[in-house]
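Before anything else, here's the structure in question.
Which chain is which? They are A, B, C and D, in the order written, and residues in each are numbered from 1.
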Amino acid sequence: MASESTTAHPFEDAPNHVTPTVIHDPILTKTDFKRVGTRPLRPDGLDKVTGRARYGADFNMPGQLVGLVLRSPHAHAKIKKIDTSKAEKLAGVKAVITFADMPDHTGGDQSMYDILENCMARGVAKYDGHAVAAVAAVDAATARAALKLIKVDYEVLKHVTDVDEAVKPGAPLVNPKNITEGVEPKPTKPSNIAKRTEFGHGDVDAGFKEADVIVTRSFRTEQTHQGYIEPHACVASVSPDGTGELWVCTQGHFVYRNHCAMLLGMDVSKLRVTSSEIGGGFGGKTHVWAEPVALALSRKANRPVKLTMTRDEVFRASGPTSATSIDVKIGAKKDGTIVAADATLRFTCGPYYGMWAELGAMTAFACYDLKNVRTVGYEVLVNRPKTAAYRAPSAPMAAFAVESVMDELAHKIGMNEVDFRIKNAAKQGTRASYGPVYGPIGIGATLEAAKKHPHMKAPLGKNQGRGMACGFWFNFGGQTCTDINIGPDGSVTLTVGTVDVGGSRASLALCVAEELGVPYEQVKCLVADTGTLGHNDMTDGSRGTFSSSMAGIFAARNAVTVLRERAAKMWEIPVDDVKWEDGHAKAVGSKYGNLAPLSIKEIAAAAGNTGGPIAGHSEIVADGAGVSFATHIADVEVDPETGRSKIVRYTVIQDAGKAVHPTYVEGQYQGGAAQGIGWALNEEYIYGKDGRLQNPGFLDYRIPVCSDLPMIDTQILEIPNPNHPYGVRGVGETSIVPPLAAIANAMSNAFGVRMTHVPMSPPRVLKALEAAKNG
Amino acid sequence: MAVLVSTTINGDNVEFACEPNESLLDVLRNRLGLSGAKEGCGTGDCGACSVQVDGRVVCSCLVLGVEAEGREIETVEGLAHGTELHPLQTKFLEHAALQCGVCTPGFLMAAKALLEKNPDPTEEEIRFGLAGNLCRCTGYDKIVRAVQDAAKVMRG
Amino acid sequence: MAEIHLWGALRPAAGGASVVSVDAKTIRELFRKLEDTYPGMAPHIARGVAVSIDGRIYRDDWGKELPEGSEIYLLPRIQGG
Amino acid sequence: MQYEAPETTKAAVGLLAKAKGSAYVLAGGSDLLVRMKGGFVEPDLVVDIKRIKPMREIKKTASGFTIGAAVSCAEMNENKALIKAWPGVVEAAGLIGSKQVQSRCTVTGNLCNSSPAADSVPALVAAGAKAVIQGPRGKRKVAVEDIPVGPGRNSLKKGELIEAIELPARKGKSGDAYLRFIPRTEMDIAVVSAGVSLTLGDKGVIKDARVALGAVAPTVRLVKEAAKAIIGTKLDEAALEKLGKAASAACSPIDDKRGTIEFRTKVAAVLAKRAAQIAYKRAGGK
């Protein structure tokens, strides 16, 4: 009986000191490469420099209508009535929909129901920009006119947008039914806290008693947006026979298919989704918003519908990151040993349940080897858009708080900040603050590299300061399906289902070329639509190259097995006597003396006579992603009279496991750093007292422009991941984690001011500088 | 009421009809099939819709289609000569100056305008010259390097 | 018998325990028995729970065996960007 | 919407005067088209002035410069004589938007749009520029500071348009400068800004000065007290200090998404001082 086979040990935690890591079934098979590690041109590049590449809004279907969405101008309002009759009567209008046209097919799946409600408000508008109705018309002008004819009767409710206000007793309730999860006994009254979570080990209170120095501080970070340049766009077509097509810019067309089919009550197999080229996502294109609406409009109008969000809609009604409020306490001995670390993290989720504080709580102390550590996270509901992932979601805010305190603590005990981190860095065998034990990891190596980096010793100019910080991201793998087909001429088609967000087609082709032993140019990598391959998870969690290369390599191995069999048939010898080497079948043994090796081309040419087409497939769950660490160094110049900051030098050092295409790895490092710099200095959602977003555009949501940044130096470290055939780790996300703290630490080092509120915009910096000046 | 407009696009005579309040960007994308220019914001803040009008780089979202009458317009589709790429296109590829690529057409047009005026720009001149074009993927490092390299090639 | 470490959000469902013992040979069996014994964990498992076996994290693979004496941690199934 | 592109000022005035409904002048379009896109305005008539030849020209005359209303800021930055005489005005014009916007935007449009944060306006006000207005009742000239009357509102009457901006001729040792504060290095709207124009007399003593501040009040403000603070000085520490105080005292800003009252008031002083130093140096002062 199950109940007999389980025992609870109350309040007993695992020890921190752990026996050396067991690495089960390592699959790392290669460390010496011919093609992996080179820098060829990407296969999709030409289309992208000539304007030929097709993104979300660059596709059209015959007879297509223009879809537009009506959005709530209120942060929180009961929708008493929606009158669409006048809009429906306008000439040229082919469909008007509200939530009534999107019945609930979610079957009790709360997270899917939340998505449904987020796509189209059901009775209550929960944030400024929440979709309330939508129209499809023959042209944009008609659709705009129709939106104006829809009359919505709102009863405005009290709202709350601020994270600290939302958790106060008596705050307006975003969801009056919300009872906090993860608390025992279960609360009886609703609140805006969706969930409490906790991680850690050891005895934190006892640990602090051993401390010689303790630093405690509270931090706030404002909400930011991924800021992809391409707004969400799709073309949807649903026929009366229940089949549908969707062209869309997304990080995961298979997941979009599954979600849209469920929300629309369609069979998954009847909805074919094609991913366009994607104009940036960074986590923001992992969730559906407009797509189910476009499909519902198309279904009602029986015409294809193109729906493109404006930039204003993207800011108000897609998925920005959390605003946060974080308390950190770390204690250390005089020799630099950290004895206890504690953090409480409050993260906004928008109006729906999320796991954002949870991710912050997991990542906060992940860089360090800690005997006593505890993190507590609270998911906070507010009248803001539903939070979505943004590159290493939640880690940058947690790292901002922790890495700021780490610097302060190092200085208080009189240690160099790098040495202090080296002393406490996690290593292979360390129990991570979030639970498991680490395998081979790179935090120590990035710190040692930072210490030796010339940047660390370069002289600083007037009003300049230097800071450093570390960052962590998990990375993950997930479901992946890949095909390799050998053409009759021996050329290779690699078909993957992970969207290429920034050069992965080149990396994947390199891995398959390496495995098959053929030139890179002989492998063409395609991203398939959902009708062509089995399910693939999104390109998120830095998994695109990690998982699809793993599946691609396995598919290539399967193809090699077939190629060997075919060669054996051509030679009329046993397959065991055929080996694969340098892209050729070779007969093993002196008895075959003069048999010339067979190339893929020769084997492929004979395929019709040896058993038909040659292919290799792989369907896997790509588990075992290696965690990733980075150390960044930032030089910041501050104008002491205006508080304006400029980054004058920046260096990223990060472990890639194995850099498949180093140029694109550098690109990920640089891009993440730039986003982190923007977050640190100027990017923020600004809500008015009325709960409306005041800066829904690129003019006042200030992402860095070219003249804001210096060159961003990169150093790639390669500590192979034992759980990938080539040692690859994800590289996409970690680089956004350290910049916030690195810049704050630089300001502290230059001016002695500790910035605790991000963004460190000029008014905040000037105020801090003046406060410091006035004692 | 739609207005008939005659103009030159990438050296070809083109006639189109458009509404007077329609942007040049919408005309290019929706009426002429030239979707290389992208709409990132529609308010002149991102530069993804950059084209040249009479030799000057503009945001085509901030130009009316009717204003194109008698003008000469150049778009990213006209950058290459036949199969021969413009040096900027070649260098953007070689330096991996694009990740997602959606800002690339705008950057190419802005960089072309910059180098036509200033064939040997400093890094700072390049950075300020391209400040009207947002890129969220690259951190601009490789874009600046590609423009520097292209400038060198173009100077011969 | 495997010792299963729970992260904070699961603990209320196990009466506050941070470690529970479960007789399970695979991830599938582990989830089934946890749901039977601690019904409060079912919604979490439905939402997605990852299993760390000696430090290697499995997000989806039910068939994965839990080797004797291995250290098992349950974690939220994380999202990425 | 009706679009017209007349070839004479007279025709443009005629169209505007007899327009029914909302009528707008289109020069660079960098404000008008943004407002149309956002649905804030739906014009019945748009009069494009870029085909009116005289409005496309910068003329140097004995009395100074005449900058046609349809001259783009990029064109201003290519006119060497103008740059030499009024470097501050040209720099201010060159700060509006991006290179793309520069190709189209005009200082006249910037003035008529009447944003308190308009970049070119403090420099024009400091320079003592005049707007040449054409209308159904003929021509009139007014000081540029009298064009904006509030955020987004100007003093032009129905049927009127600005034909050109006139800048006086530069005599003797003179210099001007414009500085703005923005959080980024480009592409932002001024949080606070300052334009200074001055002329030196004997031995580097400031004989004449005008100081204007932007984004600190509903309209760009000409600050006479600030000018007084430096006239008769060689811009020494004490004069700068007084200038800064006068600049801060003239501020009546608001808290908004771009900045706080406190920040604007403080930084107005910083920018006024820095701009004055640049202008002084340009005038040949040491």
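Just so we're on the same page, a contact is a pair of C-beta atoms (placed from the backbone, for glycine too) under 8 Å apart; a residue touches a chain by one contact, two chains touch by 3 or more.
For each chain, UniProt lists the protein as follows: A = Xanthine dehydrogenase family protein molybdopterin-binding subunit; B = (2Fe-2S)-binding protein; C = MoaD/ThiS family protein; D = Xanthine dehydrogenase family protein subunit M.
Just so you know, these numbers come straight off a predicted model, no measurement behind them.
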{"item": "Higher-contact pair (C-beta pairs counted), A-D versus A-C", "value": "A-C"}
{"item": "Centroid distance [mean C-alpha coordinates] between chain C and chain B, Å", "value": "54"}
{"item": "Interchain centroid distance [CA atoms averaged], chain A/chain D, Å", "value": "45"}
{"item": "Whole-Å gap separating chain A and chain C, where each centre is the average of the chain's CA atoms", "value": "24"}
{"item": "Chain B and chain D: spacing of chain centres that average the CA atoms, whole Å", "value": "29"}
{"item": "Shared interface positions of chain C, touching two or more other chains", "value": "none"}
{"item": "Residues of chain D engaged with two or more neighbouring chains", "value": "38, 185-187"}
{"item": "Multi-chain contact sites of chain B, meaning residues that touch two or more partners", "value": "19, 42-43, 45, 128, 130-133"}
{"item": "Pairs of chains found to touch, sorted by chain label", "value": "A-B, A-C, A-D, B-D"}
{"item": "Sites on chain A touched by chain D in the complex", "value": "144, 312, 641-644, 646, 681-682, 686, 694-695, 698-700, 702, 704-705, 707-708, 761-763, 766-767"}
{"item": "Residues of chain A defined as touching chain C within the complex", "value": "2-3, 5-14, 18, 21-24, 111, 181-184, 186, 195-200, 226, 281-284, 286, 355, 358-359, 361-362, 376, 389-393, 434-439, 473-479, 540-543, 621, 623-625, 723, 732-733"}
{"item": "List of chain C residues in touch with chain A within their complex", "value": "1, 5, 7-9, 11-12, 14-24, 32-34, 36-37, 47, 52-61, 64, 67, 70-71, 73-76, 78-81"}
{"item": "In the complex, chain B residues that touch chain D", "value": "3, 19-21, 23, 42-45, 47, 50, 53, 56-59, 61-64, 66-67, 69, 110, 113-114, 128-133"}
{"item": "Sites on chain A touched by chain B in the complex", "value": "39, 41-42, 44-46, 48-55, 57-58, 141, 226-231, 277-282, 308, 310-311, 501-503, 663-664, 666-667, 670-671, 673-675, 697-699, 703-707, 709, 711-712"}
